[in-house]
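The structures come next, written out as structure tokens.
Both of the next two complexes hold chain A, though its partner changes from chain B to chain C.
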Partner chain A sequence: MGVESGAIPVKAGRMGSLVSKARAWYSGVPLLGWLLGVLVAVALEHILGRRVARALGMSKEPVLFGFVTMLRDPALLPSAVLYVLLIYLLPIAAVARLTAQLTNRLAATLLSLSSGVSSAVHLGLIYGALHLWSDLSDYRLLLVRLTLIAIMVTLSLNLVNGYMGEFSCSHPGFMALGAYTASVFTVILFVDDRVFGAPLLALPPLLGQFVFPIALILGGVVAALGALLVAVPSFRTRGDYLAIVSLAFMFIVKSLIENLEIVGGPRGLQGQPDWANLPTVFLWAVACIWIINNFVRSTLGKALNAVRDGEMAANAMTVDTRRTKMVAFLFAAFWAGVAGGLFAHVLRYVNPGTFDLKKLAEVLAMVYLGGLNSVMGSIVGAVGFNLLSEALRPLQIIKWMIIPVLLILVMIFRPTGLIAFREFDVQELIRPKGEPQQH
Partner chain B sequence: MIFFQNLVNALQLGSFYALIALGYSMVYGVLMLFNFAHGDVFMVGAYIGFLVSTGLLTLANLGAVALPTWLILALTIILAMFLTSFVGMLVERVGYRPLRGAPRASAAISGLMIGIFLETFVLWLGGPKRRSFPALIESTTYELGGVIVTNKKIVIVLVSMLLMLALHLFVRRTKWGMAMRAMAYDYVVVPLMGVPLNTIAALTFGLGSALAAAAGVFFGIAYPVLDPYMGIRYGWKAFVAAILGGRGSVLGAALAGFMLGFIEIFVAWIFPSTWRDLIAYSIILLILTLRPHGFFGEPYSAQLRL
Partner chain C sequence: MPSLQVEGMTHYFGGLRAVHGYDLRVEPGQIRGLIGPNGAGKTTIFNLVTGRYTPTEGRITLEGEEITGLEPHKIASKGLGRTYQNLRLWRHMTVLEHVKLARYSKIGYGLVGAFFGTSRRHREEAEIEERANTLLELVGARHFADQVVTSLPYGAQRRVELARALATEPKILLLDEPTAGMNLEELVQMMDIVRRIHDELGLAIFLIEHRMKIVMELCDVIQTLVFGQVIAEGTPNEIQRNPAVIDAYLGKDVVT
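== the complex of A and B ==
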């Protein structure tokens, strides 16, 4: 870390050595340890959060790591920082470090059982932390669910714009198709609704959870069928063709829904059953990440990269370029449709105005912020963009001047995004880390 | 008679689309980039026109300078075009030049973000209130065999066509135009021959933005309300028209712009007006399916990548 260099001033050198010491100190903490730390911190907030917040002069616990509190009332800045330090940072740091030996041994045991078991335990911890964290306010619950859906959309667009190297603008359109198909399905069949009348199938509410996947998959399939309409003319020639056709498609879908009075037209469709709770959304997001990650690491995914890097060469190497592109595009559209269906059921209201250019700009921003050709990048991009967007909300419209400037800077300094062209290797993530090195 | 009336309206709407589409088309032709900020440059141009004309009218009303109305109109158009061309060059300097070596999609994203920035900036400065553009021309209505034509429409269509002709002559007859065409032919090798890439890029953005500003002022004259979202409402349609015209083709972009105007007006005449976008874009999709390279475009080369 350049600590040895004499040119660095003493103070910076001390800082540098502190950083490198901390880094060495924590290099032995496996992911399991960090997750345990997060879980402990979130549980701590559950028990003590309100009291700590009151003691620090806030009416209740800061809803989003103190950012919103700070921007609303700058006088509360020290207490918000102190709260985050006391409730989140210190416990996480302490637990992660103190249990490192234990979690390493545990991670090794789990991994020796099977990587599936180990992944499941990690996911369980992540879910537990999210559940406890979002339990404290409805706002957090909504934010977590929308962020998980954003991850799905970002990932599916990354498949086209990153892995395939084309430029697609139709993802809001696919989301709209999925959202409306799933909503119409659930509202007609299971809900007593003003538009469609009594439910055709009166199901006990408990069974709804089992029918919901059918609605989502149906939404995904319809989105994929819509994608076929874009794909057939687009992939005959190459270049910027897809960008235009998909843009036109997006406008057509939006306009079509606006003119369909049966689904509410521009007023939108409401009354979706409350089935998209946190576990459901979480499971779908995990499934999406898992399947897409396997897809891009499969032969087909590699063929997709080959098509991007040189279509003629890929063709010469026996890759069926047209089929590869079609399959990937429809696959991406399917996931966008599923995400749209979830989106409609999280908000329990959907209108065509949601799926416009603003949505397109948002999704594109998430993909290019996180990084092209990277599953991890899409997760980071979606989470980062959503957190940033929520954290800056108190600034009102100035938010939409700060976010573009940040993104332009990202584009200038890292044109393909923050974490681009990196494989998402679960084995590497969940393996135990070595003993911390002595410094 | 209704047909001819619609024809006149379509000519006016089409001239807005054509003027905006030209800016997209030039940037796309010369630099192979999508300038997603262009729609918002059109909006900024309209607001600059609003500021200039209001300022000039105030001066004239105060009696500081004696300005006839036609002079105010001409000055508004010229000044708005001049000032907005700097906005365009700024967009190029901030959003596109630092990304010259980057993937083209990254530049498109940066342009998109500049567009959102401009939109929010205008919203922040001017507030969400709609502004009404001052009436620069006293409306006179002529009736030609049942077709109602206002002098505004005549001025807008004629001046738009003059501007397009001027651009065509500039690109075809001048040395700068020749440099732009050469750059469109090959923007890797041509700079090696001593053609300054950055200057040509700035010129392309500046010219396109000036035309968009003219469209903005005409828009303000025709429908005298401006709001910060007019850029995305009209800009993206003009973008599609630019592609429809064929890569980098001035004539194609102008024709496609007029065609879009005709489609929109005639769809609204025959069908319910809410179907306008649906049918217009479906027709565009159909045309693109039949003629993937637009009216006057050439097939893309194999190396073309986003």
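== the complex of A and C ==
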């Protein structure tokens, strides 16, 4: 007894000190260093991935950090783990640590130029890593783009359900409006379509990149107009009308499109031009995060929190609470609409069945998993949910038991989500980190 | 011109007549008191004046401008600040955010500034923050600025609410039992602060208070309300000696 109870703390202590040592060892690595590490790892996969995979007995690089591989064929588990270790973890850890001094100095220099320049360089590295990683398979390219779009949808819903504390269910409806508006616009104008006939404007394909933003913004605006229909009755009186009205709205939009033969009815609409490539989706996602984060950190945006935590007091403190709610709701719908437009052009096909209760459940799950009232939470929620959902795909039906159980666990242990009520401070993220402590 | 004037205000909650034929005239720079037993209708008068309820009858003017029936946020931005009997703070927000937010109606950068972080926004936010810090200094809560408001001791929460009301730049400040639930130390501090904001900012103050000592010390003129009706109005001395007041209120409650 005495020996055992003595042995365990020693062991835990050793483990603990190892962890804290590693943490101290890496506390001096700035974000720039980590991103550099990731970029190197991804580049390494580009060059050596195939050979390493073959050497480990796999036919090609594991597509999603080995998860899919090992779930399909458990015998390959050691190979998959080894691959992830060799290609991703070790190089990232090594590069991040070894270049820490350099990246710290670089981060300081960049920040002294301007935080805009520094942010741009960080974003460049992120884009570079995503580009190289998704270059290896079409599946990855699709997954990255859909995840970026999911971030936009999640963040915009967080604005309403988290920052403003209402419960809205109409986001799939707004996405549908955006998806169809943008699609109809691009298909009529620029594509030789069966239904809509020859393109009204025959543009050289390169120019599409300049017209596409118009289509997306148009989709966002139509979604915002739809939001107006929900907002006017819901926000006129106090009480929880929004949940019901917005749910009804989602179903109405879906059945409206199903009955609209001109856009294909339940069969859907296809043939969207291939304009939603990775850089385009990436830029829109960055714009969405940047603008929403600006908004929620301004005093005008903080009014949403005051409305949530005490509408009456907010009103007595000069806040026009109805206007605040309207603006936030329409703004959120706009971004859902833009995301919908991107979604339709990534898949180059859209049908009304996509925007149903299942979609709603997914979006809500991402918001509540990631964390209410938090930009970082929405990013983590969307990325986490999408990766998890893809990684568990080989389990088929069991996947839909594991994911809800995980969600319930999160709700029990972290009722407001993983990273809730946190400010997303870019300045803080990109600053150089102090020298690691000496031991 | 009076800071705040109320004429013939009556309010019904369904069949209950909570306020009846209420008149009030607060001169600039005056400190006014409103006392009365529980359920007399004191808080209801505040809620009527601030626009939370629209009076069944009557007329309310703020510096000569009629505000009857306006939305609360419009009345507040015209210069009427208030605190609450039971604190109404925003539980996820920091102390500084509370005070900054009360300047909402004075923000000029608009949605463009909010979305795109223009230089005008950064300038205005810096100004708002400086002003908020000054007010927090005034109520002795500056060192709490970055804390979430629920983590503060009770007395400090009341002072934050006061700073928040001041940030709306009121011409008249309505305080609903500013010392309710406070211990002696907090109470003395609160009285000091009320005096100081009155002297430094030159506001008119209209306060509801149960502790007689405070009302008697602070107020120039006091009204006594019973069942929604004013039964006596006068200086602290007059009120203390008024038999109707002693009978209805002071006699039964404590004369502390």
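A few comments on the model shown:
Going forward, the second predicted complex is superposed on the first by the 431 of 439 C-alpha atoms of A that agree within 3 Å, B and C clash if a C-alpha of one lies under 4 Å from a C-alpha of the other, contacts with A are read in each partner's own complex, and residues count from 1 in each chain.
Going forward, contacts are C-beta pairs under 8 Å (C-beta built on N, C-alpha and C of every residue); 3 or more make two chains touch, one makes a residue touch a chain.
These numbers come from a predicted model, not from an experiment.
Touch criterion met: A:A313 reaches chain C, while chain B stays clear of it. When the shared chain is aligned, chain B comes close enough to touch A:V245, but chain C does not.
Applying the stated contact rule after C-alpha superposition, one finds that A:F65 touches neither chain B nor chain C. Once chain A of one complex is fitted onto chain A of the other, the partner contacts of A:L407 are limited to chain B, with no touch recorded for chain C.
Legend: residue contacts after superposition of the two complexes on their common chain; A:F167 is shown touching chain B, with no touch to chain C.
In the superposition on chain A, A:N259 makes contact with chain B only, not with chain C.
In the superposed model, A:S298 lies in contact with chain C only, and not with chain B. Common to the chain B and chain C interfaces on chain A are residues 312.
Contact residues of chain A toward chain B in the complex are 161, 165-167, 233, 236-241, 243-245, 247-249, 251-252, 254-256, 258-259, 311-312, 357, 361, 364-365, 368, 372, 397-398, 400-401, 403-405, 407-408, 411-412, 415-416.
Interface residues of chain A, counted against chain C in their complex, comprise 291, 294-295, 298-303, 305-306, 308-310, 312-321, 327, 373, 421.
Residues of chain B that touch chain A in their complex: 34, 94-95, 98-99, 101-103, 105-110, 112-114, 116-117, 119-121, 123-124, 232, 236, 239-240, 243, 272, 274-278, 281-282, 284-285, 288-289, 292-293, 299-300, 302, 304-306. On the side of chain C, the complex with chain A involves touching residues 50, 52, 71-73, 76-77, 82, 84, 88-93, 97, 100-107, 109-111, 113-117, 121, 125, 128, 164-165, 167-168.
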